[in-house]
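Here come two complexes built around chain A, the first alongside chain B, the second alongside chain C.
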Partner chain A sequence: MSSYYPFGRRAAMRGSFAAGMAVLVVFGIVPAVGVLAISFTNVRALPFLPVDWVGLDNYLAFFSPARLDYNLNAVRNTLIYSVTSTTITIALSLAIAVLLNQKLRGRTFARALVFLPTVLGVTVIGLIWTLIFNPSAGPAATVWAWFGADSAFFGDQRIALALVIFVQVWAGLGVSVVIFLAGLQAIPEELYEVASIDGASSWQKLRLVTIPMLAPSITANVLLGIVGSLQNYQLAYVLTGPNNAATQLLSLAIFSQGFGGSSAAGAGQSQGYAASISMIQFVIVGVISLAVLAYLRKREARL
Partner chain B sequence: MATMTLRTRSRVRFGLAAGAALTSVALIAGCSTNASNDTGEPSGTLRIVVSSADASDAAFKAINEAFEEKYPDVTVEFSPVPNDQAVAVIASRLSANNVDIVTMNVATIPDYVIGDVKSDEARGADAGVYLDLTDEPFMDNFTDSVLDVVAYNDQQLSVPLGLSYYTGAYYNKTMFEEMGLTLPTTWSEFVTLCETLEAAGISPLGIGGKDSWPAGLTMNAAVQGLYPTQEDKQDLARGLWSQDIKLTDDGPQEILDRVQQFYDFAQPNFAGVDYAAIPAGFANGEFAMTVDGTWNQPTIDAAVGDKFEYGYFPVPTSENADDNKFLGGKADLRLSVASGTKNKVTALAWLDFLTDPANYEAFAATAGFVPAEPDIPAGEFLDSIAVYTSTFSPAWDTQWTGNPNAGPNAGFPFNYPAIAPLGTSTPAEAAEIAEKDWAAGF
Partner chain C sequence: MSATTTRRRKPIQRSTVVNYVLLAIVVLAYLFPLAFLLNTALKSNAAFSADPIGLVTSPQFGNFAEAWEKGNFGAYILNSVLYTGAASLIGLVVSLLIGFPVSRGYLKHTRLWNLLFVVMLFLPNALITQFQLMLRLGLYDTQIGYILIMSAGVGVGPLLISGFVKSIPIELDEAAALDGVGYWRYLVSFVIPLAKPALATVFILQAIGVWNDIILATIMLTDPAKSPVTLGLFAFQGTYTSQWGLLGAATMIVAAPLIVAYVFLQRYLINGVIGGAVKG
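Take a look at the complex of A and B:
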């Protein structure tokens, strides 16, 4: 009883798979283990400097009274950013995907439009929105002026994080919509016909047919969203820089403290310290991801 | 028969696949070899990484073109990197040993600093990352007093390309004349001036708050007036390190109070304005003055053009006019040679070329630096501030050594980013937060 294997000799498959695996191990696994090892040392950025084993000192420094407030602020901002942006992205992209699944005129154009932000790079997106939210001359300032208000936008501590979340949602809609569209097109038409015969309204169809059948897509999107946004700092860095307390994210703190460039992160930390924050972030992301995955899989299985 | 053909073909295919994979891994791993050039004529590639600024980038490009003309065998690879990434990029290139000339910034650590608090660059200097240039002939081109300021443990590890002053403000001379305003020499006069401007509907001050560090220039200006001489600043730093002076004491608190007043006089929503937008705002008359550095003069000059006359004066943050006489500055854009450089001859030849007074004069003029070499004609703008720079007064941030074990709010250590609207605190609260973080480092 052999399984169907259509590609001829297995040696070619094994060879190229091994080569690919080698690249992944060398450039993915080895550096990850390396970061774990580095987190127990005080290695610094420049060559020729002595490297000492410091044990758990770096981890203790993360929780030290001098840094705890800053780090907890970063963790709190990261959680708010992650949960809010993922929730809004999924709700919006589900609505958009359902809409774009109907037979509308200009549907293809609308789909391309929704996907366009994904094609732009983070720097381009950051530049666009920085120009839009320019407090003295940008379009957003003009719109705010219609309501008789003005704002510093990214400079205003109260709304900076909300604006970054807004831009993140805008940038992240494309991929989510595509995944949901794929999932929607896999739902058999007969289910909707049966629901109509049973007298279900559109809202009931959405709640009782579409969403349960979309469970795998929802799982995929939620996981991608949460894991991505927990580690995502590029937008916050480009839009508000590394020195803004309101948008301080954990991965941004890692970047600043490991590679400098932030006057507020504290002077000259070792890269060993940055590695230890990385490991702490890994644990946070891992715990949250596994918990979410377990919950969503259970919901999927219930169907 | 068919099986044998298939076997050979797939062996060839397997071989090709494996070969392609190995080659791509090797290419990705990027082994590049350069022949080492320690003696002889300049040749090969010279790789330079510096912090970017429009004016100095243009000046460097002109020098590079002239150097390549003089030595046709040389190719100069010039990579300007934005200020906040420069440290990281330079560190990684030094570690990979694929750079020859870099910017660096290290000062001798004062003896009152306790603990293992050296910056990466200071540790690197100790470990020999930078080439010792003390005995190089081109170092004689520089003014002795400047070389004294940049020496590290009595060695010259860097070439100081110029001086910058940044505790002053550009002001709209034409507007001042039309409104009959004179330059203030004390803090009270400055406040009155700002209030007069506000009453006329003009924002007195422009600050690029979004990047955070431009607001730090106001903090430096405050310290410059309240602690005018180098000794005053060193005493303050020593007191803070020994914890005899707290960040909540009257002196440090007054600095933060001054910063708060600067913020009050700044243009609306300045916390969201980029530093890069300031020259255009100044040129459009959105604000009358801006606390900025002399490095930005070429950019401001280009933005203002013929619209109005502008000048530069030290912001008077002390009530005593004598304390406000001199601008605070630093030796800016210091270049070092990586000790592992594979092209030492070309690197030293390039530095020799750059620091030759004939080439240096044009470089300093384009880059907007005050020349660090004696007897270089300085240009109209720098002549206009010569009276404020006749004595070189190092600014606060060149005299302060931070404690990496202290919390992030005590970095400067005066906590200007926490004051509203950049942060959410009043000056008193900001001082308390900073003192808490500072004390936690001991």
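Take a look at the complex of A and C:
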């Protein structure tokens, strides 16, 4: 026994630990690791069909001319979605956090309100914004009409993705604001006093004190934002459906290729192919987040 | 801090005014969609088509009763309560059972287990394999299968618990053990009462995820009688596409309990988000 343990025999502790791990392993880790194995097969949604080993066929299919356009579109949408929503969320949430960190009446209420969408969930959020962007009669249509314009909003291929990004930012700001606020409250007051004595303007204080001191929160937020948005698709699903080319995201493609949503699919389609999309997405998410993490850590170290 | 605190004597400053204007914009951006939802929920179809964005004149509270009945929301909410309660409770127990001994170093390879807790946060999208697992275990389209899948989504739970347990002095373990308290009784009568805030946070974080899930429910539960309320609302939207008053009322029915719960549980939730971000 290498480590210390006061409760006598370790069987009780080991047994309950093993039971807990078993739940995670069977229903979480095995499926996640199994994606890789399954992506080399032609496993289908029907359990009685034989499963064959197909090697790299699914990956080759991903890049085959017949599917390349569809997949490249999904990759492009995913990257646009991820980069734009993360950037806007960080900038806006930093501004809101700095604002809510001032001694203002009602700031607790405002913070609670900004965080509320986190609790409401995609279905409710989706319906609220469908209501607002109702093309025939909604507040957004009214505003558009002031400028003599009209729009199909989520039905318009040119702006559907932008609108989904907008809703994503609206819904995701809260988490980011809360993380920034925690970071802001950890900055010692003295730094600002010293800066004031040195004659720093508000803008200089923000740029030279606040932002450098917030570096760890920024890293956390950027990473959460990128990883989250690269994998997030529930909002796009609820707002525009699983088969809208304008808002087709890689993770949504996994769903529609694996579970029928797409027109080419049926119950007999290969879920192995969808699993290969999962793996490709995983690699993209991994590479991008590690690169971003390395960059931000380096910046943190310089500051 | 800004000029507002350092120079309090001057009655009103320009920067203060600007701050309040900005604050008002933020509040409006979040209040308006909810207010518009409530406004729509109280309108009859005729009133909505006559003036979709005007303030409601004769509130139709009947919309709520009608939506409740037509959408079968009572049954869906019961399903959601069952899924959320059961899955989050299993997830919480799992997080405690694995987080506590790892935090204490009562197992070998503490570092390895900690690393595993972090790696679990970044695993690939497992929709396909989770579906295949359920299919082959005969748990497809069963409530227990869905609960088990959702319970494995513990997220930052084990990390939050193992972090919090460090604030409980290890001497307490020793003292209790000397008094003949066994491991499980120690967890139940000492750790659980002491770690209540962390446990509440872990439970709430997972509960939000389970309550709001729509994709896994779509895949795993084909029988509408087993639908959680998210699927129920989504189906309702598909059926009553242009009846905006009814649709608004249905959305309010689903959102209201969340908003009420949020008012009371906000503190735990925000602590969890901050803790999770620092750990993750």
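The definition used in the following text is that the second predicted complex is superposed on the first by the 274 of 303 C-alpha atoms of A that agree within 3 Å, B and C clash if a C-alpha of one lies under 4 Å from a C-alpha of the other, contacts with A are read in each partner's own complex, and residues count from 1 in each chain.
Definition applied: a residue touches a chain if its C-beta (ideal position, glycine included) is under 8 Å from a C-beta of that chain, and two chains touch if they have at least 3 such contacts.
Everything numeric here is computed off the predicted structure, so don't read it as measured data.
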item	value
First (chain B), second (chain C), both or neither touched by A:202	second
Partner chain(s) touched by A:104 [first = chain B, second = chain C, both, neither]	second
Touched partner set for A:65, first chain B, second chain C, both or neither	first
Contacts of A:188 with chain B and chain C, given as first, second, both or neither	neither
First (chain B), second (chain C), both or neither touched by A:278	second
Touching partner for A:55 - first (chain B), second (chain C), both, neither	neither
Touch count on chain A, higher of chain B and chain C	C
Chain B versus chain C as contact partner of A:115, first or second or both or neither	second
Touching partner for A:8 - first (chain B), second (chain C), both, neither	both
Touching partner for A:157 - first (chain B), second (chain C), both, neither	first
On chain A, positions contacted by chain B and by chain C	8, 12, 16, 19-20, 23, 26-27, 45, 47, 130, 134, 259
Complex contact set, residues of chain C against chain A	1-6, 15, 19-20, 22-23, 26-27, 29-34, 36-37, 40, 48-49, 52-53, 90, 93-98, 101, 105-108, 110, 120, 122-133, 135-136, 148-149, 151-154, 173-174, 177-178, 181-184, 186, 208, 211-212, 214-215, 218-219, 230, 233-234, 237, 244, 247-248, 251, 254-255, 258-259, 261-263, 266, 269-270, 273-274, 277-278, 280
For the chain A and chain C complex, residues of the former touching the latter	2-8, 10, 12-14, 16-17, 19-21, 23-24, 26-36, 38, 43, 45, 47, 96, 99-100, 102-104, 106-107, 109-110, 112-124, 127-132, 134, 137-139, 142, 170, 175, 178-179, 182, 189, 192, 196, 202, 217, 220-221, 224, 227, 231, 233-234, 237-238, 251, 254-255, 258-259, 271, 274-275, 278-279, 281-282, 285-286, 289
Interface residues, chain A side, partner chain B - complex	8-9, 11-12, 15-16, 19-20, 22-23, 26-27, 44-50, 64-67, 69-70, 130, 133-136, 150-157, 240-245, 259-269
For the chain B and chain A complex, residues of the former touching the latter	6-7, 10-11, 13-14, 17-18, 21-22, 24-25, 28, 84-88, 91-92, 94-95, 97, 117-121, 123-124, 127-129, 209-213, 216, 267-274, 277, 281, 286, 340, 402-409, 411-412, 417-418, 420-424, 437, 440-441
